[in-house]
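Okay, here's the structure, questions in a sec.
Think of it as A, B, C, D and E in the order they're written, each chain with its own count starting at 1.
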Amino acid sequence: IGCKKEQQQAGGRGWLVVDSEGQGTILDVDKHGIMHRFNIHARDFRVLDPHLSYPSAILVRDSAIILNLEHIKAIVTADEVLLRDPSDENVIPVVEELKRRLHNDDIGDDDNDESPFEFRALEVTLEAVCSFLGARTTELENAAYPALDELTLKVTSRNLDQVRKLKSAMTRLTTRVQKVRDEIEQLLDDDDDLADLCLSRKIATPPHSPSSRSIATNRRWNSPTSGSKTIKASKASVMGIHGEENGVEELEMLLEAYFSQIEGTLNKLTTLREYIDDTEDYINIQIDNRRNQLIQLELFLNSGMLAMSIYALVTAIFGMNIPYTWNHDYGYMFKWVIIVAGLSTLALFVTLMSYARFKGLVG
Amino acid sequence: IGCKKEQQQAGGRGWLVVDSEGQGTILDVDKHGIMHRFNIHARDFRVLDPHLSYPSAILVRDSAIILNLEHIKAIVTADEVLLRDPSDENVIPVVEELKRRLHNDDIGDDDNDESPFEFRALEVTLEAVCSFLGARTTELENAAYPALDELTLKVTSRNLDQVRKLKSAMTRLTTRVQKVRDEIEQLLDDDDDLADLCLSRKIATPPHSPSSRSIATNRRWNSPTSGSKTIKASKASVMGIHGEENGVEELEMLLEAYFSQIEGTLNKLTTLREYIDDTEDYINIQIDNRRNQLIQLELFLNSGMLAMSIYALVTAIFGMNIPYTWNHDYGYMFKWVIIVAGLSTLALFVTLMSYARFKGLVG
Amino acid sequence: IGCKKEQQQAGGRGWLVVDSEGQGTILDVDKHGIMHRFNIHARDFRVLDPHLSYPSAILVRDSAIILNLEHIKAIVTADEVLLRDPSDENVIPVVEELKRRLHNDDIGDDDNDESPFEFRALEVTLEAVCSFLGARTTELENAAYPALDELTLKVTSRNLDQVRKLKSAMTRLTTRVQKVRDEIEQLLDDDDDLADLCLSRKIATPPHSPSSRSIATNRRWNSPTSGSKTIKASKASVMGIHGEENGVEELEMLLEAYFSQIEGTLNKLTTLREYIDDTEDYINIQIDNRRNQLIQLELFLNSGMLAMSIYALVTAIFGMNIPYTWNHDYGYMFKWVIIVAGLSTLALFVTLMSYARFKGLVG
Amino acid sequence: IGCKKEQQQAGGRGWLVVDSEGQGTILDVDKHGIMHRFNIHARDFRVLDPHLSYPSAILVRDSAIILNLEHIKAIVTADEVLLRDPSDENVIPVVEELKRRLHNDDIGDDDNDESPFEFRALEVTLEAVCSFLGARTTELENAAYPALDELTLKVTSRNLDQVRKLKSAMTRLTTRVQKVRDEIEQLLDDDDDLADLCLSRKIATPPHSPSSRSIATNRRWNSPTSGSKTIKASKASVMGIHGEENGVEELEMLLEAYFSQIEGTLNKLTTLREYIDDTEDYINIQIDNRRNQLIQLELFLNSGMLAMSIYALVTAIFGMNIPYTWNHDYGYMFKWVIIVAGLSTLALFVTLMSYARFKGLVG
Amino acid sequence: IGCKKEQQQAGGRGWLVVDSEGQGTILDVDKHGIMHRFNIHARDFRVLDPHLSYPSAILVRDSAIILNLEHIKAIVTADEVLLRDPSDENVIPVVEELKRRLHNDDIGDDDNDESPFEFRALEVTLEAVCSFLGARTTELENAAYPALDELTLKVTSRNLDQVRKLKSAMTRLTTRVQKVRDEIEQLLDDDDDLADLCLSRKIATPPHSPSSRSIATNRRWNSPTSGSKTIKASKASVMGIHGEENGVEELEMLLEAYFSQIEGTLNKLTTLREYIDDTEDYINIQIDNRRNQLIQLELFLNSGMLAMSIYALVTAIFGMNIPYTWNHDYGYMFKWVIIVAGLSTLALFVTLMSYARFKGLVG
């Protein structure tokens, strides 16, 4: 578990090694070979298993960083990057960028070529993941906002189902973005982990001071001889030798920048979620309000029908085949029956409508 | 309460002891015997009582770790594991795995056989609990997603009841997973507890330095003679003797790996919960929307009926047995009454429908 | 405000003093007497006032712990416990238990008789409060689950009102349990408060070192002469003299055990709350769905009525007292009118129903 | 910005100064005069501006505490309290209490007269604010609970509007209480701010040690000569001279007591909020359930009407003026038509009702 | 990355430089020129890109502060401020204020002219951002409260849509205010960042002590020779030389004042959000309640129609052209049929209404 790095030659299936020259080699070793070569525990290796669908994680181990960031599953050591599924459609550009950036080391024309190997590897993967998630978020936004506006105009089963699918997709994407953000934040909050991420320095130290091997492993338990001061001194001496360029400071700045980017992505998703929720509230109120209007119209129709049925009742009474005495003084009888019944009916209808209006039930 | 461990031979009902040889023995002692033998306080022992249904807990005591993780209720010391209800269906594989892993110690062919006894015991129980909860979550997912999709297609009382039962099950499972996750997180956050978990080291120290007995008990109150520096030195000396293999570092990595696994399980449950909530929102809007469509159709029917009733009224008027003067210039009268009444009725119906469409009430 | 404890004899109304012999004495002093005797500030004493209904609180003061835990309102010093309203129905068993446990000190047959006086008093009150809240929770659960299941089967005003009352009770109980839990957690999180809780040690120290009186009062402001190191040394010396039995460690374990218990109670209430919420969602969807079914049936009836009214219209037309020419070629006329009108009506009804089914409006 | 306090005589509009003799003087200086006299920055002075409606805030500055607690806007220094709008109805009792308590200093008969000037001023304002908010909360509770119970009995627009207004008031009050609570909590959590609140001690120090002026201003930046140890020593020396009576300990206890009180107020508001929410849920379900019952009754009526209309159709058929052959074998014909049609109609009605009951649509 | 500041003359597009004389110069350099001149990493520069729409951020770098606060995108160094898009309508007043305040330095008549250059620049931008967000919030409030009250009076599609748009605007504004608030809070919580913000001091130090260059970069990794004490001493010496005027203390007070202001803005938005939510709940209940009243009126109409249809049925029976025996004892027959049928119908109607009232369905 110590800081030693076994330099055994081994291989694996579906793994690509990119070394500090920017050269990529396909590994032809099985799982146990990789675990042995990179000194990874079986527990930690499981995190990279695509079948177990672990959430995104950045595990800092003694001589390696294990990255499971969305589609990028990698093991980063001080001079090699091991990448799973290099032929995956989304991983290919990451491989290209890794080769370019890790190779740049020798030429030294860029402005951040002085960074240690593992920082550059970490930056490439973080940039790839942040861009990937940002692109997914933008795609989702482009699909969701029109769908929501369409739903506002007209509620149909098809529109509803589409919005529901987009909402599910948004929830899943938010969980993934949140997880990556949390992993970066956790690193930023824990100075010990930040220090452990500087793999190069941990390796570079042994020749200078034999006791400094305990820096990495004795994170919380200080070294035997001198207590905390010695540790600080030896840490400081490392810095004095290697300069500030591979310090924790630079790593913190690097993580802060990508944290800000992923935070922006998360903000967009949160805004989208609130927009969806607001739209749903709006649709609910609109559907409810329209229903009231429908029922108001129905009330109008029903009032009309009640008035009609009273009129019809009057005519039906006179349609009975029972003879009655005042049947024969006709001439004015027919007109009066029609007019009186009609006026009464109208009065009833107007009364009903006025009552509803008085009660505030119709607009 | 000290670090001493009484090595009395005793027994208990429903308890199995697995020792460092991987041998399992049924204990035949009562509750007080166990509490005395393992130096457990009555307060802490209550946590293991299956009738009190305490939530999951990992209590770190001076000479023992008390584990109440779902179905696994165990007391782990530096050289023994005491397991409750070993004949329980879910506990049997844990017993098998415990015997295998704790026995492996002597052979030494595996890659983590150098871990102290209590770490291996802890790993076996954590692995069992995480797998158990993961399996329950997967079962729930397999039942819930089809049920939700079915509910989306057709809302019936049976489907609703099924989803409600699944939601209840999910809530209960989430609480349990959350509790296990919180316990692991709490251990990871508290360096003192992590240090206390290393039982072997605490036992191994006394012969070397008499004063170091205070490491475990004086967690926050430093030792009498020299203040904080001495403590650190003596802690460090422990480490210098036993090497890094039983350090806090290894324990932290172990817990981190299972924390990541249980976090993944919790993520799945959270996603499921949001999917259920979204589906309910969707169903609510769909039911509401369908109701509006039903009422629209009813409005159509009512408008038709109103038109009919007006037509019927006209015919009823002419059906009255009251004689009227313009009764006898027939021939064209009948046709005109039918046609005029029919057209007026149709006009009324069309007017009503146009009004509703103009108001945006019908599609 | 110092550590001195005035041993004046005084009395109060409605207060019971239990001393370290387990003897209970009714105090006959007024409020100011108690405040003076136990050196309590008026601000802090108000917390115990039953009329002001303060939430649960554990205030750690120099020479006393002020406990306001639900019905138990007490002041605990290093050798006395002052209990408010000792004749309250819920407080009587607490008094009995206090007398038993505080008396046990002399006999020394139990397993935790070596604890300091104030720890035993604290444990008795915590146990009483946790059991009390646990019992209330179980009562609530026993009432709520059947009421909810009944509500699921049939929604009546009576059932709704009962569930609403249970929900209110649950909310209030949750607030109380949460408050007790928060108080215990806050103590566990603050090492200074934990140290201040060890009243006996603070009192026992003065004879040994005159400067150590500042330990309790100068919690954050270190002593004049030597800075932080001296403090630590003097603290350590206290421990060296009194041993580990009254250390912070034991207190932390005590609080942890009851924290776990109250956490379990809170978990039950949270699960209950979620069950109620889920049931409400379910009932809402079910009510909505049943309404749609009702409206579907109504639609069926309305369609039937529309068909009927058309048929009736046809017959009414022929019922008019207006003569028409094709009145006399009877024999087949009557049958044809009935059959054609009946078939048209049936066709209309079938068309309406098919339309509704095609639109997905009826099942 | 230093600790010096300019003793210039100046005046202001609408400000009252209460000095350590309990004497109140109306200040007749403008804004800039006050800022200059009390050494307050323009940024901080803005907090007291009633037109800008800042939320409650307690700003700790070098030589003054700026209090903006609800209606009380004050500047507290080591020997003066400056109060805005002393003629405000709510502020008058605060002025009286301030004069009484600040004057008490000389007499020394009360139990907390040994507190420094600024502590007593702070306690008076905190007590006034907590009582004020507590009284507002009680008023709200007294109005809200009856209104909610009335709403439960009968949902009217007037009741609804009243509850809505109470809910708005509650939300605003909760925000204000929460803000005061947060300010107190923040002070309690930050030991530096607590130390800075002890204005008297900061002023009293200079004559003893010239370097200790840096205590207040160099909160996080230690003094030049000796690093952290010297600071602690000089802080301690201050305490050794002035005793414990003006220590941070006392201030913490003071704040804790009012924190507990305002926490109780917040608890009441939270309980009220949950009660309102539960009542709304209950009303929603009740309205929905009542609607279903209304529709069930309507369904009953519609079924009846359908049956009637079929009966009416039969009679209408026989009312047509079309002659039919079996018209003349009367005597039994009329009875049979009525009886058969009536029974068929009844059968139809019973069938419809049974179907609805079978489907669970009517109770 | 060191503290050196390259004083190369260069230019940029759309950038304005304000120097310590208050003079503004348009820069005519491209992106890389600016990055090189101000020693900014490409990662960090991206934060200022208006096309990437990053959320608000304050990044503290070695020799510059990168501000992305809403519309103000600036780089602040110890003697220059670089402002993006100086011709933007919202940025122009910021430029004016910057020139005024940064120029004031030489005259020295104001009360805070002794602040270091970067503090004044930071204060101007914070004031501009807080005022800008406060103004947007006030605008929103002025639009939202009348719209909500109008919606309460009458629910129309237009009102609903307006409220929905305001709610969306509020959500977006809240996210922005929250982000600015979080950035300020994060600075206040992190003493290291606060110290790094004092750019002037970091620059001023080198001539005095060569080793102090490590203060800024070695934030967490102490300097090689002497451990933490030396650092503190050197920090202290800086302060001893430059006095308290550019200390962390002043910066903290500055940030606290604007934090309080932006907190007030956020409070207003939160209150608005709750008001909107409460109004929506109220409208939902009101719509639901009105619907029940509509259905109650409909029930009344339907009951009337059922009664009418029974009456009509009776008359229709007597309208059949089937002869019946008791047809000829007329005179009283007609009256009795009308009266009996009318009374029965009325009785039925009254029974129905009483039943509904008994069931609590109509008011």
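What to note about this one:
Note that a contact is a pair of C-beta atoms (placed from the backbone, for glycine too) under 8 Å apart; a residue touches a chain by one contact, two chains touch by 3 or more.
All values reported here derive from a predicted model rather than from experimental measurement.
Among the remaining chains, those touching subunit A as well as subunit D are E.
Subunit C and subunit D have CA centres that are 21 Å apart.
With centres set at the average Cα position, the gap from subunit B to subunit E is 34 Å.
Of all residues in subunit D, those touching 2 or more other chains are 157, 284, 288, 291, 295, 298, 302, 305, 309, 312, 316, 319-321, 360, listed in ascending order. Viewed as a contact network, the protein chains form a single closed ring in which every chain touches exactly two others. From subunit D, with the walk directed at subunit E, the chains encountered around the ring are D, E, A, B, C.
By the touch criterion given at the top, residues 1-2, 35-36, 41-44, 46-47, 52-55, 57, 59, 61, 154-157, 160-161, 163-164, 167-168, 171-172, 175, 179, 217-225, 227-228, 280, 283-284, 287-288, 290-291, 293-295, 297-298, 301-302, 304-305, 308-309, 311-312, 315-316, 318-321, 327, 330-331, 333-334, 337-338 of subunit C touch subunit D in their complex.
Contact residues on subunit D toward subunit C in their complex (touch as defined above): 111-112, 123, 152, 191, 194-195, 229, 232-233, 235-237, 239-240, 244-245, 247-250, 253-254, 256-258, 260-261, 263-264, 267, 270-271, 274-275, 278-279, 281-282, 284-286, 288-289, 291-292, 295-296, 298-299, 302-303, 305-306, 309-310, 312-313, 316-317, 319-325, 352, 355-356, 359-361, 363.
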